[in-house]
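Letters A, B, C and D mark the chains in the order given here, with residues in each chain numbered from 1 onward.
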C-alpha cells in the first residue's frame, strides 16, 4: 500500500490485502464488508458498535465513512485486538475505539448506538442481541453476519421476537475469479448470511 | 416511501421497492447495486457514466453519493429512459443527466469520466469498452456487470488487452430469505459477475 | 416426450420438463433430484419412503433405479397426489405406491425402510424424524431437503440428537444458463440444503 | 475404508475421502462427480472416455456403474496417472483402462464412445471437442466441466457450433456445512460449470 490515503473514498471497498492480518485466519472478505456496511446504512455521525470485530476491517471502514461518528470495536481475542490497533494506526483513524472484552458485558458502559454490527458472539447470540437492543437508539439498525447454521437460525428467530422493523435476510455467496496462467479460475468463498433489522 | 430523505445515507443500499420500476423487468438488485458502487469506488466529485442504465437505480444511488459529481445515465430503451426521469424526480436528484441513446455513439460529446459503469452494451461490449477507455481519466475505474457468458468472457479478455490495472472479477450470488407463513424460504437471485479495473 | 423408455438410464437425471406438473408450483429441480438420490445411496432392492413427495419426481426416479425395491410416496395435498398418479402412469412405474396422507401418521402401517427422503414435513419435522428413525433399518439412510431456515436448523439439530452416523450437510446452489437470443444468461435457482445421515 | 464393497451402490456418490489422492490437489468433489455422471446419463454398457481424468474419481464411479461398459481414463500427468492405478486396484474395477497421454492425440486408437467427459483439456478445448465429436456415436453425449471463464466460454460456443442437441449448461455451487465445536460452519466450494450436449 503505497498511499493509504488512496482509500479515503466515499464508498466502502478497501481490498483485503490492504489490512494488516498477521496470523489471524478468516478475516471478513471485502464483499461481505461492503454489503454489511451498506445494509446497516451508515450516517455521517453514527455511533457504531462492531461486536466480535476480529482484526477490525469492518470497524476501520465504518470509521473512515462515518467521519463525524464514533466506532467501538469489541474483541475478546487479545491477538486480534492487537491487530485492530495496527490497523487503526495504518489507516490513520481517530474515531475508532478498541474495547477489549466480550459482549454483552463489554457493552455496559458504552453510549447508546445508532448501528450495531455483530460479526461474532461467542455462542451467546441471544444474550448479545438482548443487550444490543437495549443499547440501540430509535431508528437504529442491527446486523448479524452469520457463518453457521446456529447463528443464522438464532438471528432469524430473535429478530422476529424483538419486534424489529424492516427485517431482511440474505445470503452472500461470492466467487472470486483468479488469474492462473492464461486462465481465470473460479474460487468459491465461504457464504455469509446477513440478517438486518431496524428499531422502530 | 413516506420520506425519500430517509435514503440520504452515506452508503449505498436503497431497497429495490423504493424505485419506480413500472413495467420494466430485471431491475438491478440492491445487493448488486451496492457492490457495483463499492467496487467502482466513488469520490465525492466523480464524473460517472452509467451505460445501459435501465431504470436508473445505479445512477440514482451514484448521484446521491457523489454529491459534487455528475452522473450520465445512457439508455437506449425509451420506456426505461422514461422511468429514469421518474426516479430522478422521486429522489430529488439534480446531478444526474439522462442521455437517450446507445454507446459508444452516445458517449462522443460527454466530458471525460472518473468512473464508468457498464450494465448493458447491446451486444457491442468490445466497441463500448474501447470508447469507454478513450473517455476514462487516469486513475479512473471501469466496471462491467455481466449477466451472460459472452459478456463475462469478453470483459475478462478485453480488460486484459486494455492493460488496465488492479483488474478483479467476482461473481455475486445472492440468496434472499423470504418470510412465508412461519418459515423463512431461500430464494435464489440471478448471479452477476462484476469485472472491474483501473486505468494507470 | 416421444419415448419414455429413453429415460431408463442407470443414473438419475430425468429433465424437469418430462414430468407432468399441472398447476403445482415449485417442483424439485433436476439437479436437486439427482444429488438427493446420490446422497441417499440407492440399492437395487431398497424400500424407500418419499415423504412430502409433491408431484412425485424423486419417487419416480427412485422407483426406476431401484427396480427390485418399493417406493412409498407420501403426499397430503390431493392435487399433487393426483399428479403423482399421472407420472406413475407416464413412466410405466410398477413399484411405486401413493400414500395419501401426512407423516408421521401415514407411516404407521408401512414396512421398514432402507431409505427415507423428506422433502416436506408440514412444519412437523421433529415428529416426522422421530417416526422415520423408528421405521429405518440398520444401515438405512435418511435425507432431508431443506428450503427454509427452520427446516435446516431443525434437521441439523435432530440428526445430531438422533445419533446418526456419517451425517453430512451441504447446500446446492444451482445456476442454469439459458439461451436468450445470441447470449447465454445466468439464472439462479433456489438453493436447497441436503442433510443426510445413516443409522448404525 | 473398511469395506470397499460398501460402495457398490446403484447411484453415484462415493465420498471424496474414500479415494486415494496422494499429493494431487484439486480432486473433483463428490457433488460435482455425481451431477456429471447424472447429466451424461450412463447406460449399463456405455463406452466412456474421461479426458483429463486427474486421479480418476469420475472414471472409477463410471466404471462401477456401467458394469458392462468400458471406461478410458486419459491423463497426461504421470503422478495423477499413478494414482488412477491405485484407485483402480482399491475399488477392484476391471473395466477401466488408463491411457497415459493427452487428448486429442491419445484418442486416435480408442473405440467409438457413447459418453465423453472432459474434465481437463490443457488449454486445447476446441481441438479436443473436435476430436471428441468425431469419436462420438449417434445419441452419444459429451459433458465439459469448466472451472475457468475461458473453458466455459469456449464450451458454450463450440457446443452451439457443433450442432449438438439438448445442449444445457448449469453452474454447480456447493456449500459444505462442517461441524466446528458446537456450530455448523458454511464452507464454500469452487463452482463448476457443466456444459452438456447430445449428438443427434
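Simple rule for what comes next: a contact is a pair of C-beta atoms (placed from the backbone, for glycine too) under 8 Å apart; a residue touches a chain by one contact, two chains touch by 3 or more.
Worth saying up front: this structure is predicted, and the values here are computed from it rather than measured.
Visitor: Please state whether the interface between chain C and chain D is built from the same residues or different ones, using more than half shared residue numbers as the mark of same.
Guide: Same; most numbers are used by both chain C and chain D.
Visitor: Considering A-D alongside A-C, which chain pair is linked by more C-beta pairs in contact?
Guide: A-D
Visitor: List the centre-to-centre spacing of chain C and chain D in whole Å, with centres computed as mean CA coordinates.
Guide: Each chain's C-alpha centroid was found; their separation is 25 Å.
Visitor: Between chain A and chain D, what's the gap in Å when you average each chain's C-alpha atoms?
Guide: 41
Visitor: List, in ascending order, every residue of chain B touching at least 2 other chains.
Guide: Each of 149-150, 156, 169, 171, 173-175, 177, 184, 186, 191 in chain B touches at least two other chains.
Visitor: Any idea which chain A residues touch chain C in the complex?
Guide: Residues in contact with chain C: 149-150, 152-153, 156, 169, 171, 173, 191.
Visitor: Spell out the residues on chain B that touch chain C in their complex, using ranges where they run on.
Guide: 123, 147-151, 173-175, 177, 180, 182-192
Visitor: Can you list the chain B residues touching chain A in their complex?
Guide: Result: residues 9-13, 31, 34-35, 37-44, 65-66, 156, 168-177, 184, 186, 193 of chain B touch chain A.
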